[in-house]
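What follows is a pair of complexes built around subunit A, which joins subunit B in one and subunit C in the other.
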Partner chain A sequence: MAEFRIRKSVPETVRKGEVFEIKTLVTHPMDNGFMFGRDGKRIPRHIIHRFEAIYNGKTVFGADWHVAVSTNPYISFHALAEESGTIEFRWHDDNGTVHVDSVYIQVI
Partner chain B sequence: MSSTHFIGAFLAVEMLAAVVLTAHAQERQLTSGAFPLSGYHYMGTQIQELQDDEFLNPGRFAVDHGLELWLESDGSEGLSCHSCHGDASVSMSGVAARYPQFDENRRSLVNLEGRINEMRTEFMKAEPLELESEEMLALAAYLTFQSLGEVMDVDVSGEAARYLEEGREYYMQRRGQLDLACSQCHDERAGMMLRGDRISQGHVNGFPVYRLIWRSMGSRHRMFRWCNWAVRAEPRELGSDEYLSLELYLAWRGRGLNIESPAVRP
Partner chain C sequence: MKRLLPELATEHRGSEAEGCGEPFGMRRFAGLVGRRQALGAIVGGTAAIAALTAVPIPAISSSPNMPEWLAALIAVRLGSTEFVEGRVVLEMPDRADTGLSVPMTVSVPDSPMTDADHVRSIHVVTTRNPQPLVTDYYFTPASGLARVSQRIRLARTQQVYCFALMSDGTSWMTARHVSVALGACADEIFLPDAKQPVDGGTS
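Let's look at the complex of A and B:
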């Protein structure tokens, strides 16, 4: 299977109390379990079933994903920061892996 | 049998013709085969936006991967592409726009993938990359990306002229159970609908492309195989002589178009 690649867009610095946008895009087949391969066998379900954003240890955004989410899932959401910190993204894979990535945001 | 029925039917035909004509007026720009028009113009605005957005374009993942491979040493000589060619944004700028080309030493056509494997085996003493493997597509996408916006311009003079003619023949030849030639759709019916899809002129300036129905990258030759399969003809091998000639013909046919790779196609 292809490597799990992450692309993210997070501002390096934000003003205190300012609403800003966070975007992430990852590579994942998001096999829904309803498709058949060339060998005629059903391709088992393999999706990211949960996405979380944790800011300074506190979950600020979470989403349960189901089989209708497309290949290479993209998500964008807005946040507001009162103090500088690290935002951590967690993608929970059906195969048990949790893909983790984080970025520091400076509040000025 | 009254004549009113006949007039009614006639009016209906007239009205239908009017509707068709209006639709045709809108499509005139797309259907005109007078100048080459990238497949970009034949897809919906949503997919165009997906291609144009640097963040969202899924093909950019392959480009990122390709850069890693460009820097990675492989083979017994301990060389990477970068060891000899340096910064690809300088050394490879415009290169992909001139492929495929006739190779004097090999006495045959060679495309970008063929050249990559030649470099790997001859200079790096590394294993050739499997055609259509993720690595080959990534490296090809990275190289072609260095020509983004460059004008596609292949050399068809001298020895290459023979291959151009072979490619043209393949393109014009009816084949498969549906008995269709490439030209019947992509020259004569470009801009018209084929079920839910709008038929493009069939240019190769976007390759390697991220194709949504494949959910992955694909080369020009994979697309040829797909097209052959679609008319229920027997697909040729990736990298085969027929496909190389066809690739040369299509690159020449779309000369003047800008390289769009990594393009997104439906």
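Let's look at the complex of A and C:
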């Protein structure tokens, strides 16, 4: 499997009480288990089945992904700015690993 | 009638229920017909699609007749059968060139997202994908706005349904018809020495 690369985009500063957009994009094959490789064998399912965003220890957004999510899953969602802190992203892989990344957000 | 190699036919038989083709038996059918006939069917099918798409089809924003199996699936998974059309908005292109990556945005724009009244979850389901479930989104009042964008796979032209559950117990839905020119499973066709029947993708 290729390297798991994460791209994320959040505003540098937000005002308190403001709703801001968070965008993430990761590299992942998201093999849906229906495709056949060049050897004629079925490629087993290998997807990220859950995504979570945790803002200052509190889960603000969660998503269950099924096989119909595209390769290199991109997601854009929103959060309400309450206080400065970290937003942690968690991608739960089918192979058991949890890819974790976080970003600092400053609330003014 | 020239048949495909028997070992291929047996290989398909085991996979028909979960293959990328039509869920019930279409793959087996494709595995057993001759190449010439399959080609004829493809050409005929393409012509039929061309004939269909040549007629301007009005954009179907919602479907009044949800399939029974979908209603049953939703009742089991979401525990609700009383869905009212409205409030939840599903933004997708009416036509997609490729089903591999179709942009999709779901939202409930008029929800205040307060502790008393917020969107609990949004669920996206398709009618003719090999696996109907697409995504489930879970929100909290701290989400601020119930609006999510993602890119999804569509195996063929079909309806996309979107269901939203609110904290006050109400349930809302919407549906949208999306035409897909080349389905998400079409890369099978382009494999060198493709051993798979060319049934995925367009229909």
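Some points to look at:
Operating definition for what follows: the second predicted complex is superposed on the first by the 108 of 108 C-alpha atoms of A that agree within 3 Å, B and C clash if a C-alpha of one lies under 4 Å from a C-alpha of the other, contacts with A are read in each partner's own complex, and residues count from 1 in each chain.
Keep this in mind: contacts are C-beta pairs under 8 Å (C-beta built on N, C-alpha and C of every residue); 3 or more make two chains touch, one makes a residue touch a chain.
Please read these numbers as outputs of a predicted model, since none were measured by experiment.
Looking at the shared chain after the overlay, A:38 reaches subunit C, while subunit B stays out of its contact range.
Of the two partner chains placed by the overlay, only subunit C lies in contact with A:68; subunit B stays clear of it. Of the two partner chains placed around the shared chain by superposition, neither subunit B nor subunit C is touched by A:102. Of the two partner chains, neither subunit B nor subunit C is touched by A:84. Judged by the touch definition given at the top, the superposed model places A:58 against subunit C, while subunit B stays out of reach.
Counting the residues of subunit A that each partner touches, subunit B and subunit C differ, and the larger count belongs to C. Under the contact criterion defined above, the residues of subunit A that touch both subunit B in one complex and subunit C in the other are 71, 74. Here subunit A touches subunit C in the complex through residues 19-20, 32-36, 38, 40, 42, 55, 58-71, 73-82, going by the rule given at the top. Listing the residues of subunit A that touch subunit B in their complex gives 2-3, 5, 7, 9, 23, 25, 27, 29, 71-72, 74. Remark: subunit B residues 55-56, 58, 60-61, 64-65, 134, 215 touch subunit A in the complex.
Here subunit C touches subunit A in the complex through residues 15, 18-20, 100-102, 113, 126, 129-131, 133-154, 184-185, 187-188, 191-192, 195-196, going by the rule given at the top.
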